[in-house]
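The chains carry the letters A, B, C, D, E, F, G and H, assigned in the order they are written, with residues numbered from 1 in each.
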């Protein structure tokens, strides 16, 4: 049963986050990838977020571009930690996505990482740090990963 | 029964939109003002938007600041036209609010107006234009209003 | 007789809005497409806007880039609702177009959508929502369109 | 008969350009100050711009904020040189005004100066340089002014 | 022994994060507040981060303004999750702080929240979500907090 | 003898302004094109600007990118009107050039046009408007040009 | 004889850099403060920069706002290292100053520090580092200063 | 023994700074190029900066992108002058790098140059100016270089 839920708004966003999925595999973290649109299908997003905890999910990563409501909407429906990845946009270059994700109102946090693929990779690592708080194996894997980075 | 629903995220935002309420009164447009948070209470927002049409509401105005998901979340739950008013924020000056409202993904439109009180006033007038498409009295009142502006 | 007038400043802008025209066709909304420059030929724009209502037009969509005065100038000459689409520009990426369209002074509203083609598509959908206030068939078509989006 | 026409959109903008009027007085340049709104009363703006040349006006200065269409609209209706002064706005700080004025499409130029009162003062000096091309007394006055600046 | 370490760069930043400390108290989360400068005293920061884990700290919150290296430098020295709060700056309004914190290179994540006090409050809540992954009492307290928000 | 001096900082900038040179030819305005760097060879710039008036030059156009001091430095050494064209830059997209040109301090004006080639074309037209103040043939040519634009 | 020349464009800028002067006094670095305008009096700036080296000056600090040409113009006339301090401006908040100073073209460097008084203080410290390359006493004083900072 | 240390965060950044290395060769300045990551290997950066002075290094150049902590972290560990080169990033175009480098807090200066390769070239020239304060041959070489630029 996966501890990590990953949500993207469209199949087209998958290549941007693929390197994050590779990192999760290296860290041996099981995840479930879902494609859900906050705007076109809010009911599926509500249902996903409302049931995530009881399914055993402990952290959610959501990547979105432009108005980028997906992470914030998920956060509104769950008490699990939500990590938001602002995806680049063709004109505003992801500044729109960044502001829409990072400037959440006091009361409902989203943990925002950098724009695009580097951010997605860091979202994977941040989820490892959070899950590692409880799961010793993930913590150990993450520490080895960081050690290898330093030696590279 | 009001034709126009106005939603703000917090009682604190009311003074910013008061001049818009004054314009609605001048145009003799009945409205219903609600305070609902997209992030703190998504279920109430879902319920509001889902039932707006059957209550007779034909246009929704939503004002919000920062990540400013309120107009987009309302638009995700209804097929009524939603007008979004980006409210100013203390640091990013409402650019965050603007980007979060105006950059909606293709498929779910929000009609965005300018930042702050001038935008709120224009939201009122835009709602009059939209309602005026169907309601002749509102159209006439709006045309008289514009005529007076030109003469002022 | 079309209910919707679409205005662009140059033939070159047509490909950017073509996907919006496709949506209008799907929704069975008749439109009239005109190419008019607010700066090079203000008199034609004045004439267009002044006569739109009596020709039966109920909503205007105007797409423009850079100083992007077209939507605002049309709005100055008519009381019909005007939807503005900020087109991308090669250097400022449409931020110039966005600010020039969305920051209209209080009194003369323009309904602004997102930058570029996603915005143009939403302009088409917003026009359907506005026309749907009065025309039941358009409302029904729009509701079916949104339903299909959710199921896609 | 004044050689210079100055147009502002609202009485409220007058204090921002007063220091420019003082410079014009020092340079002994007669001007005519008009308050005209491009959006609320486009017909008066059209009329003003269309008749400016035959009244003897040789240069127009227009100051405006936010969507700031006034200089561009004037330029669309006349072949006289138009100087645009972007006025500060409460949230976007005049960046909106700047982009709306400076990013005119090829074909219809506006001579843009800096944001706010320093820009307005430079608009006055620029009008002196332009008028000085033809009027020797104004050229001489401007040269003396610049000389004094250097010595100050 | 506190589970949460909070680091600010200067005593002057304390009032900005005080509302976050109040939330932590409500949630009954013990924390340790330290004042350490990444630039003026990098060795103390290194020492703090290197020893945090063995002291029992499980999450670090760091608030900083301008070049705002503090969260990233802490993250470079530890494998604990680090939450970064971008503080407002007098000229660039915290955009500098935001970019410096959120745009971490792939490999070393920082969980960024919004600019200023709303962000600081969300940092407190995010730390509760992360600690709640392991500590059931904190999870329960956070869920009650969110419930109360919804009812407010 | 040319009435118009055009200055660029580098041979590489010539293609960006070529369309402006074509317009000048259409308007039958003689010009002199010089390549001078404000930073690498300030003395040549000083000499050029100091002698421009006595050579018969009545207007100067200067195009520059990045820190873009060329128009302002020319303006500091002459009382002739200087038109500044902000050239695009690879990273900041000409926003750097725009701010460096348009934000001149009160006392020494530069007439700024839009970024890049559209701006360069408008610089040519603005120079025609300024020269047309005195030279009837140029005024007539410019008016015919604008007439043709309207008919195109 | 001072080793350091400080130039500001206007007496009004002096309070902004006063804390930098205090640091120089603490470090026992003699300086000469001049008020010179790059735009209003370019000849004095040329003369100052051309003669600085022979007067014994080894580093120049120049603070300026808006188009902020002063550091770049000084750098064009001398081979001494020039440190530029971007001063805040009322609307663009010193972003204009920053871009105008930092984006110097390849070939003529300016060493840019942060916006406003914190930047001015760092300009003083950077001048100490540069002078310290040659002057052992200044190096020692700077190292003691940094030591004290760390201990504060 | 090199007087100049150059540090980049990744082998990938080398092509961006290669033209700076060419200038250093022309100026006959020996340098040492190191690849060190502030985030992945802070201990190596600490060690490098702490030992630079005793190895004979007198100036450090550090180039970095995005959160771009490298120059500031080096500056925190040494009293040598540090020149920071903001590298371009794929979405934020190096504005993130620029703000992270230039907005250092008062007390720990970094000398920032322009974004990307033009900035890197100026960093080389600035290092020549700084080293030239003490080393007459470098000063002479730099002055010849600038002379040649003026003649080119």
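Rule of thumb we're sticking to: a contact is a pair of C-beta atoms (placed from the backbone, for glycine too) under 8 Å apart; a residue touches a chain by one contact, two chains touch by 3 or more.
Remember, predicted model here, so these are calculated numbers, not experimental data.
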Item to check | Touching both chain F and chain G (chains) | outcome: D, H
Checklist entry - How short can a path of touching chains from chain C to chain E be, counted in steps? => result 2
Next on the checklist: Between 0 and 180 degrees and rounded to the nearest 5, what angle rotates chain D's CA atoms onto those of chain G?
Outcome noted: 90
Item to check | Centre-of-Cα separation between chain H and chain F, whole angstrom | outcome: 36
Checklist entry - Once you find the CA centre of chain A and the CA centre of chain D, what distance in Å lies between them? => result 52
Item to check | Mean-CA-position distance for chain H and chain E (Å) | outcome: 31
Checklist outcome for this item: Shared-interface residues of chain B (touching two or more other chains) are 40, 66-67, 92-93, 95, 102-105, 107-108, 114-115, 118, 149
Checklist entry - Which of the chains touch, listed as pairs? => result A-B, A-C, A-E, A-H, B-C, B-D, B-E, C-D, C-F, D-F, D-G, E-G, E-H, F-G, F-H, G-H
Checklist outcome for this item: The chain B residues in contact with chain C across the complex are 19, 58-59, 79-81, 83, 98, 102-115, 117-119, 121-123, 125-126, 129-134, 139, 142-143, 146, 149
Checklist entry - Which chain D residues qualify as touching chain C in the complex? => result 9, 37-40, 42, 46, 65-69, 72-73, 75-77, 89, 92, 95-96, 99-105, 107-108
Item to check | Footprint of chain H on chain F - complex, ascending | outcome: 40-41, 43, 66-67, 90-93
Item to check | Partner chain H, residues of chain A touching it in the complex | outcome: 88, 93-95, 114-116, 118, 149-150, 152
